[in-house]
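Presented sequentially are two complexes of chain A, the first with chain B as partner and the second with chain C.
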Partner chain A sequence: MSTKIGDRVKRSEDKRFITGAGKYTDDIRQENQAYAAFVRSPYAHANVKGIDASAAEAMDGVIAVLNGAQLTGDGIGNIICGWAVSSKDGSPMNMGAWSALATEKVRYVGDAVAVVIAETDALARLGAEAVEVDYEELPTVVKADKALAEGAPQIHENAPGNQIFDWEIGDQAATDAALATAAHITEVDITNNRLSPNPMEPRAAIATYDAAEEHYTLYTTSQNPHVARLVLSAFYNVAPEHKLRVIAPDVGGGFGAKIYIYPEEITCLWASMKTNRSVKWTSDRSEAFMTDAHGRDHITNARMGFDADGKIVGFKVDTIANVGAYMSLFSSAVPTYLYGTLMSGQYDMPAIHCNVRTAYTNTVPVDAYRGAGRPEATYLIETMMERAAREMAMDPAELRRRNFIQSFPHQTPVILAYDAGDFPKILQMAQESADVAGFATRKAEAASRGMLRGLGYSTFIEACGLAPSAAAGSLGAGVGLWESAEVRMNPVGTIEVLTGSHSHGQGHETTFAQIVADRFDIPIENVKIVHGDTDKVQFGMGTYGSRSAPVGMSAVVKAMDKVEAKIKKIVAHVLEADEADLVIEGGAVSVAGTDKQMLWHEIGLAAYMAHNLPEGMEPGLKETAFFDPVNFSFPSGAFICEVEVDPETGTTEIVQFTSADDFGTIINPMIVEGQVHGGVAQGIGQALLEQVIYDDDGQLLTGSYMDYTMPRADDLPFFTIDHHATPSPNNPLGVKGCGEAGAIGAPPAVINAITDAIGAEGLAMPATPMNVWRAIQAAKSSIAAE
Partner chain B sequence: MYSTKYHNPASIDAATAALSSGEEAKVLAGGQTLLPTMKQHLAEPSDLVDIRGIAGMADISANGATLTIGAAATHASVADNADVQSLCPALAGLAAHIGDPAVRHMGTIGGSMANNDPAADYPAAALAMNATIVTNSREIAADDFFDGLFATNLEDGEIITAIRFETGAKCGYAKFPNPASRYAMVGVFVAQTGGGVRVAVTGAGDDGVFRHAGLEAALSADWSEGAVAGVDISPGGLLSDFHGDSAYRANLIGVMAKRAVAAS
Partner chain C sequence: MEMTGEYRIAAKRDVVWAALNDEDVLRQCIPGCESLTKTSDTTMEALVVQKIGPVKAKFAGAVELVNIVAPESYTIQGEGKGGIAGFAKGASDIKLAEDGEETILTFHASAMIGGKLARLGNRLIDSTAKKLANKFFDNFHDYLSNQE
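And then the complex of A and B:
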């Protein structure tokens, strides 16, 4: 079986996952380990008047009860936000302090005020129940618009009116002027529902302090262990980087929620030093709902203007984003640089203005969740396009075609410069696969069964692999956005690739090995991918934003370039040949047109024996590379969703879902399809099922799967997936990233399809049976009223 | 979990003794409700008395049109039982759609009845057929058994041993699942038995399972889907939450009643 780029190579990691042999953080056992349980606030907003730990401390098996005053007293720093976003008047963002254990005040239900360290998990939990905290309840606010309203409860002293920043992108005057000339304006008030990420493996950490070495080891569920180490060291003062090892072993999904460094990991490290024990914490599902960073939660008013031919003349967006009670690592970037910059979609828009205000609320922090900012932009643009088409009585595909960007590179009015794409082509592919021509017949057949059938589009673009570092830095990013790799050829000819990209479901152990097997024409079994351990891999920025292929793999390619150059020098020297005549093929390097060759292991041995190397060459065969892309990559796609709605109950069934994607070069179609399936499932989840709800007191009503609706297999159709590749010109493989497309593109396709089916505007996500039924009733009564 | 003492009695007498031995002893059946509650530290029984080992507790038998289902019979065993399937396919179908396979292989009919969750399925069947709840000390008609949300008139220490159904000519059940939990958001059981036409609604009432007089009258006059359409279903007294407000639930009662009749 061929294992080259483009082959459907089976995932090598699945054997251990499917047989239960994966090694996750909770599987790690350290000698002398103790357990942490957190004392969490039951109130969304309260002053902490006192903590009485005496009953807990007196309990059998309780080792220590530690609080926030002790933590800050030991110099543990506040949790940071990694991207400084300024207001449009130039003032810096108003960021409130976030201590891993709250001291004077709690600001959301689940905010931790103390931690109990005990001999067993059960004892730690009993201990936590026995800690008595004296709370003085304060008024709460959970919705972003209400938080910004006059008289709202003040959550952080240094964010007056709860506003963190008032940011803008684009040209307000030009946009206003353009809208004033528009022949038609489509206006919407739209909410992007708040979601809980729900990775299958909950967060966990086990920290070990070695007092003799003054060294810490942290196993944790991280998408980016090196960034965790950097932040823990540079900002939280846990230990200097060379005294701190962070390992993210097998990680069972992240979706963004495991990018950030949370209070629990920091506390476990610190508590390990305080108690001189290994300290372990594994979130249960209730804690996960309460404390994992949520996603989305935008409120937006937007106006899109068209000329008489249906060409967009201007787009004006005013968004309020809920950031939660504290600013998490990327919370400032998600509703700004990952959102406002996407407002041009696939369309040639002469003028755009997007204003974003961010608000503190008494809810868990909101941060990047699969797609991060781009799903919010796409949902807005794509539902507006379809609504505009209905209002102007145009075919929605035709309206899109009239506005598609046709030539590249294309500079949008909102920073991004698209490099490649073929939007009409992918739309046409999707329309053919979805048999749009036959839709009317299917609709009529459904009507004969009393069902309402509808079809909706979403043609979207995303920006992946945030880059380049210097540009991000100038916009306020606190990290570089490159990736590093090391390619080691061993003396026996096997290859180890050390990558800073972390795999937590993506299948990197297979796809990264494929690019090596392809390049060197060696068996894929001879390639091993090493990641997730700061003691092994030199550095890395981790996995998020669909960056592992465009950025992480590119670093591997660069390192392979260097290895190949050295291999060729060695072989040319040993075989007394010209480097230009060497071909890499069949597990050997041969001199073209001769029978002279060196087998792969012979080359390895030659490099490490160093008995016969070219003059001045260092022994060994391992090379390192850092790759900093010159631009984002821009995957694009066209989704078509077809639904049937039961008008009696409002239940929606997705009967057909078609995607045509441009991901650039595809390394492994099976894995790409899996990413699309998962992304679309989460997108359908957002559109039909999922919503986090806090009541007005800040209590989480959707704190378990009894109330939070996760997509299940029977909620989803079989997917039809097509690809059309326009390779990215900005990285050596021409890849674009595929991890988020489904979650970004699916929600508007689903909502557009339901809207088409029921013929009623203003349907809110999630389109639960009740919401759809209500929309149908409202449309009926407005028709009756006319 | 808090510490608790586990008993595994082989007879009703031993179970009764064990139940009176502890401060706060509780019957344990499938544990699908009780154990999660204990894990969340919302219940703290001193003793758990597992009734699944008691001889005959999980038996299912038929005598003419009478079905007797042991309290410890799991939902899966009810769904798969040939007598249930032939005498009352609606009941077998109801059991087959409770929760997921794991829940169906652990959860029991007795546990479901004793728990009287307002969104549980069995109470609708029991009330529509006026089943008899047999306990270690007496027999209780379903009409007298349910007593509001999560409440029944079981005495402390009383153990349900079986549920007896007089199956009728026509029975049908239609359930609209809550999208998240997949318990009944509205479940309607329609039955035409010796006791006349009865319609029980679960999932919707703010006081638990209830009979719907309007639907009963309409279906007594004319057992047809069309008869349901004319019935006025008031949202008064119905549950309201973010999954379904009372108006939506009222609509669903009508739709599910129609579908239950169609399935009968």
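And then the complex of A and C:
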């Protein structure tokens, strides 16, 4: 079976995953290991007046009880935010301090104040229960708009009025002027619901300190172990990088929540040094709900103006984003540079202004979650388009078509310059797959059964492949966003690829191997992908923002270019041929038109034996490359969702879901479809089921699967997935990234379908049966009132 | 969470009032109460075991009587800490009205829970709180009825 680019190669990693042979952080056992349990605040906002650990310390099996004063006393630094976003008046963001263990104040339910290290997990938990903390309760605020209101409880001293920054993008004057000329203005007030990421594997860490070497080893559930090591070294002062090894072994899902370096990992490292024991912590599901960074949580008012022909003249957006109690690693970038820059969608908009205020609240930090900013932008734009079409009595597909960007490159008014796409084509593909022409018949048939059938669109674009380092740096990013790769050919002709990308469900061990097997025409079994260990891979920026293919694979391609160049020099030398006549195929490098060739292992041996190399050539065959893209990549898609709503119960069934995506070149269609399936399922989860709820006292009410609803197989239809590729011109493979599209595009398609079915606007996510039923009743009473 | 209720008790108001201020009576009537000790005329310390949904915890708490208008009304308020299970706090305004030889007791209570109790037991807290309040007043009613 062919294993080249474009082939449906089965995932080589699945053998170990589905036979229970995966090696996850919690599977790691170190000699002499102890366990950590955290003492967490049950209050959302309180002063810590004192910690009495005496009862816990006296318990059998408790090794130590450590607190925040000791941690900061040992010089462990505060947790950082990786992206500095300034207010529109130029002032820097108002960032409050975040210590891994709270010292004077706790700011959300779950904030850790102490850690108990004990001989077993159960003893550590018992010990944590015995620690008495004297809290002085303070007033709380959990909603972002209320946090910014006058008189709200002050959460961080240096963020007056709880505002972190007041940021804008685009041209306010031009947008106001454009809206003043509009023939029609559609206005929406929408909330993007708060979500818990729920990777199947909860976070975990096991830290080991080697006192003789003054060296630390950390196994942890990270999407980017090198960034973890960098931050732990440079900012948290755990140890310099050459004294700290970070390994992210098999990781069971991330969705963004495993990008960040959390208090627990820092504390385990420090505690391993304090106790001279390996210290292990594995989050339980309750802790995950409480402490994993949440996603979304926006409140937005927006107005879009159209001329008499339905062409967009201006788009004005005012958003308040909840960042929680502390600023997590990308918390400032998600509601700004990953949100405001996407406001043009697939449409040619002459004027855009987007204002974003961010607020501290007494909730767990909010950060990137599958899509990160782009789902928020897409939900806003696409529900706006659908509503505007209804208000102007236009077909929603026709309104979109009239406004599609038609030529590329296209400079939007909000920084991004789109490189490639064919929006009318993918919309047409989706419409044909979804049989939009037959919808009226299906609707009538549903009506005969008493059901309301609706159809909703979402045509969206995303910026993936984070991103040009210099551009990101000019916008405040604290890191470069390139990727590195090393391609090693062994003397026996097998190939190892070391990549800074990290696989935690995406199937890199298969797709990265495919591009090598394709390039060198060798069996895919002869290629090994190595990732996730800072002692093996030189450096890497990790996996998030659908960047592994456009950035990570591109670095592999560049390294392969160098390896190929050296191979050709060796073969040309040995066979006394011209490099230009050499062809790579069938596991050999041959001289075209002759029977002269070197088999792959013969080339490897030649390079390492070094008995007959071109003059001046170094022995060996391994090359490193770094790839820094010149632009984002811009995957786009058209989703069509069809629902049936039971007007008596408000229950929604998704009866058909169709996607047509442009991901550029596709390496492995099976894996891409898997990514789309998962993303759409998460998007449907957001649209229909999921919502984190804090009560007014900051208590987390959705703290288990009894109260937080995840999508299940029976909530989902079979998906119809189509592709149309316009290759990205900005990377050698023409790939764009596919990991987030489903989660970005699906929510508005679902909501638009439901509002189409029930004939009511303003339906909030999640569209639970109760919310839908209420919207139906509200629409009925407003009709009755007229 | 807010609750209100009304009970008719077959005892004179002075008797009911005295019972409402008697630590022994309160200890016997509060569901799950293991101990209750007066620390002053208006403050008490209590140890109460409760199970709310999947969470069972022993709450150590302070109880205080305020707004005392003898023998007509007071507010009983308290906060219990259940360790890792979280905490519960609440207050109840209790009013006694004379009706011949009998007394009509009305209450208006509010309660709040936090920590693991809120995360796991929130859906059950309303019904549990109502059950506990009813249990207390049933016990109280039975106690006074048995005195005669």
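Just so it is clear, the second predicted complex is superposed on the first by the 786 of 786 C-alpha atoms of A that agree within 3 Å, B and C clash if a C-alpha of one lies under 4 Å from a C-alpha of the other, contacts with A are read in each partner's own complex, and residues count from 1 in each chain.
Keep in mind that, in the parts below, a contact is a pair of C-beta atoms (placed from the backbone, for glycine too) under 8 Å apart; a residue touches a chain by one contact, two chains touch by 3 or more.
All values derive from a computational prediction rather than experimental measurement.
After overlaying the two complexes on the shared chain, residue contacts for A:P42 are found with chain C alone; chain B is out of touch.
In the superposition on chain A, contact of A:L689 is made with chain B only, not with chain C.
Contacts of A:T494 after superposition: neither chain B nor chain C is touched.
Once chain A of one complex is fitted onto chain A of the other, the partner contacts of A:N237 are absent, as it touches neither chain B nor chain C. Of the two partner chains, neither chain B nor chain C is touched by A:S469. Of the two partner chains placed by the overlay, chain B and chain C both lie in contact with A:S286.
Once the two complexes are laid over each other on the shared chain, residue contacts for A:M706 go to chain B and to chain C alike.
Look at A:W773: by the touch rule set out above, it reaches chain B but stays clear of chain C. Contacts of A:E129 after superposition on the shared chain: both chain B and chain C are touched. Taken together, the two structures place residues 125, 129, 286, 701-702, 706-707 of chain A in contact with chain B in one case and with chain C in the other. Taken in their complex, chain C has these residues touching chain A: 83-84, 86-87, 112-116, 118-120, 122-123. Touching chain C in their complex are the following residues of chain A: 42-44, 109, 125, 128-130, 286, 289-290, 695, 697, 699-704, 706-707.
Interface of chain B with chain A (complex): residues 1-2, 40-41, 176, 179-181, 183, 242-245, 248, 251-252, 255. For chain A in complex with chain B, the residues that touch the partner chain are 122, 125-126, 129, 286, 648-650, 689, 691, 693, 701-702, 705-710, 768-770, 773-774.
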